[in-house]
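Heads up, the next two complexes both have chain A, just with different partners, chain B and then chain C.
Up next, the complex of A and B:
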C-alpha cells in the first residue's frame, strides 16, 4: 500500500515501475522565490561547502547504488540517496538548490544508506545538513514541510520535550496511515483507557514547572534555535514569545510574593 | 663451484614456474607445498575453465607440474616450513613433512610463492551467504562447473536464472578491503559464458559497478560474452538478498542507468569473492621477517622497479603473495624471481670464494 505523504512530496513524481525515470539531477526547475535565484543558490552552496561536516561526510562515490537498494524513500518517490550524494558532489549551486526544494524531504533519516555505503559516505548526514540549510535560509519547501510541526514546536518550546496526544493531527500526518486518523478521533476516551495513572488531559504529558520552561526558552534563544524557527515560521515565534513573556511576569510576581530572589 | 641451493615455498602457478626454471638453470631446488598435490589454489578449489581462452585448468597447469617433476626439483608435499633463520652463510630452514621428523636445510636464497585465499563472504551478511543455500561464492560455483553439476542447492533443480554480483570483499571500506581483486570480473563473465555454453536455456545477469576486463580480456571475454553468449549486464549493485514466496532469491538492486530500485527474482546468486593474502603467505612472512604492505600482502622492496624483491635480502616473492593477479602474471613473476634468486645465490658464492682465497 502506498500511503500519501507530506504535501511537499506530492510534487515529486511517484515511481512507476514501467517508466524510465527522468534524468536525475536537473529535475524540477527553479521555482520563483521572489529572490535572485542564482544568488540564493550560490549563498546556500557556499554555506554548504563551508560546513565542516561537508568534508567529513562526502568522500566520493562509486555510483554502485547499494545505498538506494535499502532506502525506504526510494521505493515510493523519485528519490535516491545515491542521487543526493551526487548532488552534494556536483559543484553546481543550482543543482543543490533544486534538490533542496523537494527531494531532500523524502528521506526519513533511517541511516540504512550509511550502513550500506562501501565508500564510507555519511549520506543521511549530508541530507540532514541540506535540510538544516533549507530551514536556516527560510526556503519555501522547509516552511511547507514544517507546517504540521507548528503545534509540536509550540508545545516543545513552551512545555519541555514532551509528546502529548493532541499532537496527532491526521490532516497533516497522512503518512501515519488510516489507523492514526481513527485513533486521533476520540483522544479523551482513549486516554482514559490507559490503565496507569496518567494526567487525564490530552494537551500535555506532564506538568512542567514555569522556571524550567523559562530556562529552556533562554537556552533556545542563546543557542540560536529561536532564530532558526523564525526563519521558517515567524508567527510561531511571536506566539511563543508572548506566552513566555506572560510567564516571566507571573514568575516575577511569584518571586516577589514569596520573597525569593 | 657447487650448485646454488634455493628454496621455493608454495606449489601454485608462481612457485611451479620458479622451481622448474631454477632447476633447468642448474640450481638445487626444494619446493615445499603444504597440500598433498601441486597446482595451487586453482587445483585445490577445483576451478573449471581458465580465462581468457576457456581452457580446462588441467590443460593450463599440468604441463607446468610435469616440467617440475621432470626437471629434478625436490618436491616436498604435505610439508611446512617449521623454522627459518637467516645468517651470513645462508638461510637455515627446518621443514616438516606431515607426521614426519624435522629436516634441516641451508639455502642460498628463497622464493615465497605462497599465494592468495578467497575472501569469506559470510562477513557481508546482506548478501545472504550462509543464510540462503542458493547464494554461492566463486569457489562453490567453480566446483559446480568443473563437476558439471549445475543445480540449486536448495532443491536440486536446474536454475532458470543466475545472477553474479561483482566486487564482494573488494573495493569496500566497510570490510576493510580497499583494493580491486582484478580477477572477479573476468571470472564471473567466464562463468556466465560456461553456463550459457552448456545450458543455453539459463539466463545470466552480471551486476557490476565497473567492468574491469583489462587488456585482451575486453574482447576475448567481455565482448564475446555478449556477442556469442548473450550474457546480460546490469549497471548497479545488489545491496541485499531476500527470500521470495516461491523460495527463489529476490535481489534488491539499483539499476543506476535506469536510476531506479529493482527487485528481481533469481534461482542462484554467485558472489565474486575477492582475493586476500593466504594464511600461508601471512605466516611465512612472519616467520621470515618479511614486511607486509597496507593491504596485507607481502611488500615488494619497490612496487614499481623491484616487484619480486622483498624487504629481506636474499628472499624473493612471486605471484599472488604480493597482490591479486592472474595465472600468466604469476607464472612470469615466478620466472623473474627465479632469475633474481639465482643471481643472488651466484653473487654470494663468488663473494665467498674471494674471501677464502
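Up next, the complex of A and C:
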C-alpha cells in the first residue's frame, strides 16, 4: 500500500540509475551529453554531497511550495526555491549541474524561504553552496554571471569594502535618476561635508588602513579564496596580486618612516 | 488506489524525507556551547561588562539578549558609508548627544558578505576569519562591536554558529588569526545598531521637537535582520502583538509617528546583492510593484522606514524610473535613526545628509514642520566654505596620519575628554 502510494505521490526528480539515460523533464531535453560533462557533473555532485553543510541544510521536503509563495525571485525569473530544494535532493548529478548553470543565480538571498519552510531547510544556504561550487569549478555560466561584477570583486579583495561613492556613474546608473548621478560631479566636496573623517573618500566606502587591507588579503590567501576566484577570472587575480605587492612595499617603507616594528 | 490513512501519509512523508528529519536541525542556543568552548580555551568570548551598560531584551524564542549601550566599536556598513552617509552620521550624532563613548576606525573591513551572497566567491573559513579579524580589533581596544549592517549582522550570527559547531573551521580560523598575531574571539552577543536604537527609544523620543502624529510611516523589516537567523531578533509582545520584530516600530510609536500597515510587509525589498548592481530591472520592478506601490496605495505613506543598508538603497533608488510606467510615487525612504535625528533637531544636510537620497525628503520635512530652506542655505554656504579650504565639522576628532597605515592605539578606548567635548 505504502509502496503504491509512493509511486502515486512520486514528486521528486530522483531517478534510478537506468532512468538517468532518459530525457529529463528538468533538463528539458536529451541527455546525450559528452563524457566530460558527465564527469564534471559527478565531480560537482560528490563535492556537493560531501560538504558538511549539505546534511545540515537539506532536511527533506513536502513539496508544499510555501517557500516559493514568498520568494521575490520566483515572481520575475523561471526559478523557485522548492525546485532548488528538489534539485538538491535529486541524487542526480546532471540535474544538479543544470540548475547550477543559470537558476541558482536568480536567488536574492533574502532567506524568506527559510523562514517559511516547515522542514527547516536552509534553502538560501544550499543555493549559496551551489554558487560556491559553480565558481570553484570554473563553470562558464559562473564566468558569464560574474563578468559585470569584476569591479566589485576588485574593490572588496583589495580595499575591503564592496561599494564606493565613485561607482555611481551616469552611464551605469541612469535609471536611478538625475539626482543620484549628479552627485558624481561634485563628489569630493560632498564627501568632505560628511562629519566623519574616515568617510571623506570617494574610491572606497570608508578609508581602510593599509595594515587592515593586507590582513584581509592574507585571509583570502590562506582560506583558498584567491584560488577560487582564479578559476573564474585569472586576470583579476593577477591584477589584485600586483596591487597588493605594491602595497606591501609601501607598507615596509611606512614602517621605517613611522618607526613601527 | 484507496484513500490513505493518516499513518500511511505520515509513512509516505517520512520516506520522502530521505531518512533525514527535522530533529537534525539544531535550534539550540549556540551561546551556551560558545561559553563551554571559552572555558575549554578553544576561543575567547568578548564579554559584555557593566562598563558597556547593557540593557536586556527578549528575542523571538523568548531568549534573553544583552544589548550594550556604551564603549562601542562601530562596525560600519559599506553600502551606508558609500551611498547613505547620513545613516551612520545620524547614529553617531545621537551617541554624541548621549555622551556614549565609541571608536570609529579605519581598521575595519566590511564583512564581505554582500559579495559572498551576490557572487559565491568566498567560503565559510574566509567569511569567519573576516568576522573574527574585525571582532578582534574591538577586543584589543577594549570596546564592543556594534554592527551597522543587517547583512553583516546576519552573516556574523551565521559565522558564530559555524565557529562554535564546526571544529575544522574553528581550527583553521584560529591558525589564520595566530599568523596575524591575533586570537579567535567571538562577541558574547551579536548586536545590530537598530537594537541599540531600540533600547534607547525613550531617550530618543524625549528629544523629539516636532508633532509627528500626522506623519504616516510604513515599515519595511530587513530580511537579514529577522529571517536569516530568526531566533536572535528582538520581539516584544507589546509591539504589534509580538507578531513582528519590535525595532523600529516601537521607536516610531514612541516618537508619535502613525505607523500604517500594508499587505506586502513581509516581502523582501528586491535588493538581491548582485541584482541591485547588475540585474537592476529585477530589483526596481520588485521594489516598485511589491513594496512602494502598496505602501502608497494602501497605507498612504509619507515615508518608508527601514533598518538596513540594502533596503534603504533599493527602495529609495528604484522609484525614479517608475515614472515611465506612470508610477510617480517618490516616497522618501529613511533609516529609523535618520527620521529620529530629523525629529530631534539634527541638521538635515550636515548630519542626516538627506541630499544623498534620490526620492526627495523635503516634502516630509515640510510636513514635520522643519524649516529645511534655511538649513539648505546654511549647507550651501558650508559647501562653499569647504571648497575654499575652510574648516570642516566633525563628530569626533579625526584620526592621525599614521592610522592610514597602522592599527595603533591598541588598548586605548576613546578618551573621556573627547567624549565630553563632543557633548558640548
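One rule holds in what follows: the second predicted complex is superposed on the first by the 181 of 261 C-alpha atoms of A that agree within 3 Å, B and C clash if a C-alpha of one lies under 4 Å from a C-alpha of the other, contacts with A are read in each partner's own complex, and residues count from 1 in each chain.
By our rule, a contact is a pair of C-beta atoms (placed from the backbone, for glycine too) under 8 Å apart; a residue touches a chain by one contact, two chains touch by 3 or more.
Source: prediction; values computed, not measured.
Undergrad: Of the two partner chains, chain B (first) and chain C (second), which one does A:229 touch, if any: first, second, both, or neither?
TA: Only chain C; A:229 stays clear of chain B.
Undergrad: If you stack the two complexes on chain A, which partner ends up touching A:55: first (chain B), second (chain C), both, or neither?
TA: second
Undergrad: Would you check which partner chain A:161 touches, where first means chain B only, second means chain C only, and both and neither mean what they say?
TA: Touch partner of A:161: chain C, not chain B.
Undergrad: Does the superposition put A:128 against chain B (first), chain C (second), both, or neither?
TA: Touch partner of A:128: chain C, not chain B.
Undergrad: Which holds for A:74: it touches chain B only (first), chain C only (second), both, or neither?
TA: A:74 contacts chain B only, not chain C.
Undergrad: Between chain B (first) and chain C (second), which does A:38 come into contact with in this model arrangement: first, second, both, or neither?
TA: Neither partner.
Undergrad: Report the partner of chain A that touches more of its residues: chain B or chain C.
TA: The partner with more contacted residues on chain A is C.
Undergrad: May I ask you to decide whether A:120 touches chain B, chain C, both, or neither, giving the answer as first, second, both or neither?
TA: In the superposed model, A:120 contacts both chain B and chain C.
Undergrad: Check the residue A:189 against both partner chains and state whether it touches chain B (first), chain C (second), both, or neither.
TA: second
Undergrad: Identify the residues of chain A that lie in both the chain B contact region and the chain C contact region.
TA: 62, 70, 75, 119-120
Undergrad: Any idea which chain A residues touch chain B in the complex?
TA: Where chain A meets chain B, its residues are 15, 17, 20-21, 24, 62-71, 74-75, 80, 82-83, 116-120.
Undergrad: Quick check: in the complex, which residue numbers of chain B touch chain A?
TA: Going through chain B, the ones touching chain A are 126, 167, 171-174, 209-210, 236-240, 252-256, 258-261.
Undergrad: Flag every residue of chain C that touches chain A in the complex, lowest number first.
TA: 1, 4, 8-9, 11-13, 15-18, 20-22, 24-25, 27, 76-83, 85, 88-89, 92, 104-110, 112, 114-126, 129-130, 133, 154, 166, 168, 172, 175-176, 179-180, 223-224, 226-228, 230, 266-268, 270-275, 277-278, 280, 282, 284-286, 290, 317, 320-321, 349-351, 353, 355-356, 358, 360, 379, 382-383, 386-387, 392-396, 398-399, 402-408
Undergrad: Contact residues on chain A for chain C in the complex?
TA: Its residues touching chain C are 1-2, 4-6, 8-9, 11-12, 52-53, 55-56, 58-62, 70, 72-73, 75-77, 89, 105, 107-112, 114-115, 119-120, 124, 128, 130-132, 134-135, 142, 145-146, 148-149, 152-153, 156, 160-165, 167-168, 173, 175-177, 179-180, 183, 186, 189-200, 205-213, 215-216, 218-220, 222-225, 228-229, 232, 251, 254, 258, 260.
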